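Below, chain A partners chain B and then partners chain C, in two separate complexes.
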Partner chain A sequence: MNLRLHPRFFGPRIREIIREKVDSVVEGSCDPTYGFIISVVEIISIGNGLLDDETGFAKFPIKYKALVFNPFQFEVLDAVVISVNETGILTEVGPLVIFISKQSIPEEMKYDGESTPPCYKNADESEKIMNECEIRLQIIGLHPSKV
Partner chain B sequence: MEEIPLLFKPDSWETDQKMKIIRWNLQEGSPFDYDTLLFEYFIPRLEENYDPLTLKFYSQNDGTIKKIIAKPNTMIGYSDELAIIETCPHDIVFDNLCASCGKNLSNNRKFLQKRVSIVHSSNDIKVSKKVVNEITTNQIKRLSSNKKLALILDLDNTLIHTITLKEDELIPNTSFEIEKFRLENDANYYYVCIRPGVRGFLEKISKFYELHIYTMGIKKYAQKISSILDPSGKYFSNRILSRDDYDEQFLTQKNLHRIFPADDTYVLIVDDREDVWLQETENNGLKICDNLIQITPFHCFYETTHLNEIENLLKNLTIDKNKFEIEKKIKCYDYDQKREKNTLLLVSNILEECHKTFYSSKTKIKNVKAILSDFKRQVLKGCNIWFPLSLFETDVNTFKVLISKAFDFGATCYYEWNTKITHTIAIDRRQLDELCQALDKERPMHLVSPEWIHSSCIKWEKQKEYLFTQDFEETEEKFNLISDKLLKVDEIYEKENENEKENEIEMEKEDLKEKEKRWKK
Partner chain C sequence: MNFGEFVKHEPLMLNEVQSILNQIKTEQSNETQVTNPNKEEILNKTLRYVKRFSRFTDKETISGIKVEFQELDPIELTILANLFPEDVEEAKVLIPSLAEKYSDEEITDFIERLHKYDN
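Here is the complex of A and B:
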């Protein structure tokens, strides 16, 4: 990645500051190709900085290793239900929010809006899907969104 | 995925007209996107030497062509089968992704515009008309089997009154039920006062209505309030709609179709503000939503009623704002709580009555809007109100809404003077005098300010007219009131300061006395 650094940081501690900056900028962000960047493991190299003529910012090419969560199409995941409504179930896996429409929920699971909290259940009520349940799902489509 | 026949149904096509396909742009088995060219065709004419115009046929959805039925150079008429296509209807869309086939539809603006949100808790889930109808019929079935109706409740100034403060203050000592809390990532302290009698109101009304919350507040706030009002979740469950769940364009308006897109004949609304529930009428006018029952706003904390007005005033009056805020923080209105309970009782009675009429065997047309309108019409029945045209010079829309409101509540409205007039609306006494002189007519029976209509409608009872004749020069009076209050605040501060000074002086005196005693010793 390229890190842009404000001129006020130029000084003897610059390498330290770059390390801190990389952590704070990158961690928790979502990259279209790499997925969610959860934690920076190590910084491999900090390249030579290049000054931007117009702004005075310096641009540093940086190579780093990070722990990422990169979900892909048709991946099977375990997710936690965060809300249930008449159109389907909203779940989350860490930072990823996944929606399961009622078309993808087995036919025998019917929506029950009257119970508190609302849930999907089968005819003899032996199985119930409601808030904070854990379910296994397969991703049919995804796209990176604003984080 | 489903296989459906592709029919030839272009707009503006005469039913007996025929056409011939020149060539297909795609082969069997090839996928196509929304708005791709499928084939070119022309309309054959009998005349000789006629150069036919080539027309193009674009797809209305996306999918794959399974089988081409209409071969080139055969005659094809309106709504004939052209091909068999395999397509996904994208009935449920989540964050621009189709929830059943996983296709990214974000490039397909036209298509997405047809999808509407229906779920309270998420604006990202959008559904097609088909699903909306399904959900609505299920909902109506569920409600009618329980003999219930739906009711949308507002939070602020309806069920509760909240102020946010930057500093931590002690909860004032009043008989109101006040709770203090903070939200995540928010430095402010929230002080919530629950309207007296709300718990009883919810308990009673939840037997007849399925309760929904629709608030302009943020999600966390709405959830917090609902957990205070309804700790077990039996009233509201997940039916909470907050600022985070609707589109930017609706931030100043509440939209009934956001929760009930298909059918609003079994829904009522209780809100303290009517101006957020305006609807456009057929002839481009504005009208207050028929489902609305307006409730007297509830204010607990001192002088936040006209907060905006005060803030505007403060800019002009150059009074230290901080001083005022401190005063605002601590004070609570201290009035008889029976008044609030009666207000809620009134609303709950109306709601109960509507419910009773809706489910009584006599009512054939099941429309709660019509039932409510019948009740409304009793309020100002027999009033003939004259709206002099000079009213409209200042603010056309406000008075248009006012007229439609008076009409909804059973009054007859006139633009011209006639002998039947019982009430005249005026904002200014001078204006009315001029009018009367110009017309050379006797003064009408009652001169009232627009407040009279509002007040009568909100209390569901024709108010005594003389209370509203003094209200002319309203704005001026309000200004005076507020500036009086500001002066009072200043006085209080001065007094406090004086007290402090006096205390200090007394302390000093005592010190002196002690010193004197010592000296004497």
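Here is the complex of A and C:
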């Protein structure tokens, strides 16, 4: 990544400040190419800064190693159900939210809004999907949204 | 199956992610600076998830698995270990690229060898 730094930070602590800035900018964000950036593990290198002579900011090319969660299309994952309603099932895989629409749920599982808690269940009630259940699903489509 | 950009990076099993995150949390509690709330939320959610779904409980098991299954693509091995299919049919559905590269007998062999590591 390229980090822009205000001149007020130029000084003996510049490397430390750069590290802090990289952490705060990148950690917790969701990048379209790399997925969720959970944590910066290591700063590999901080290149020489290039001054922008119009603004006075310096631009530093930074190479870093990070722990990411990068879901891909058709990936199969285990997920936790967080809510259930007549349009489908909302699930979570760590920071990723996955919605399963009713069309993608097997036909034998029917929504029962009357039961407490509401759930999807099959005819003989041997299988029920409700909040906190663990289900295995396949990702059909992905789109990033602002966190 | 297109693993996309991910191919350039090192895939991690759930248990490995758990150790890394635990270490990060310990370091965080030692620092006094305020961390951004987005990061906290994502970190905590991820940690809760890997704790819930981690199967293998120690580092030696993970290293053992990695050494034994060197013939497999690292991504395929990681998915195999994370999803832990019970039989060949399940494995072929979960990881279609395995079916393209290996015979049913070979896949059954992988599964049997992997199940020995389950404690």
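Things worth noting here:
The definition used in the following text is that the second predicted complex is superposed on the first by the 147 of 147 C-alpha atoms of A that agree within 3 Å, B and C clash if a C-alpha of one lies under 4 Å from a C-alpha of the other, contacts with A are read in each partner's own complex, and residues count from 1 in each chain.
Note that in this section a residue touches a chain if its C-beta (ideal position, glycine included) is under 8 Å from a C-beta of that chain, and two chains touch if they have at least 3 such contacts.
Remember, predicted model here, so these are calculated numbers, not experimental data.
Superposition of the two complexes onto chain A shows chain B and chain C fitting side by side, with no clash. Contact with neither chain B nor chain C is seen for A:P106 once the two complexes are overlaid on the shared chain.
Of the two partner chains, chain C is the only one that A:Y34 touches; chain B does not reach it. In the superposition on chain A, A:G11 makes contact with neither chain B nor chain C. For the combined arrangement built by superposing the two complexes, chain A sits at the apex of an angle of 140 degrees to chain B and chain C, based on C-alpha centres and given in steps of 10. Of the two partner chains, chain C is the only one touched by A:G94; chain B is not. In the superposed model, A:T116 makes contact with chain B only, not with chain C. By the touch criterion defined above, A:G141 reaches chain B but does not reach chain C. When the shared chain is aligned, chain C comes close enough to touch A:V80, but chain B does not.
The least CA distance from chain B to chain C in the superposed model is 9 Å.
Once both structures are placed on chain A, chain A residues 73 are touched by chain B and, in the other complex, by chain C. Against chain C, in their complex, chain A makes its touches with residues 20, 23-24, 27-29, 33-34, 36, 38-39, 41, 67-70, 72-74, 76, 78, 80, 92-95, 134, 136, 147. Only residues 73, 83-88, 90, 99-104, 113-114, 116-118, 139-143, 145 of chain A touch chain B when the two sit together in their complex. Taken in their complex, chain C has these residues touching chain A: 1-6, 9, 12, 17, 20-21, 24, 33, 35-43, 45-46, 48-50, 52-53, 79, 83, 93-95. By the touch rule above, chain B contacts chain A in their complex via residues 91-92, 94-104, 106, 118-122, 124-125, 127, 131, 135, 138-139, 142, 146, 232-234, 237-238.
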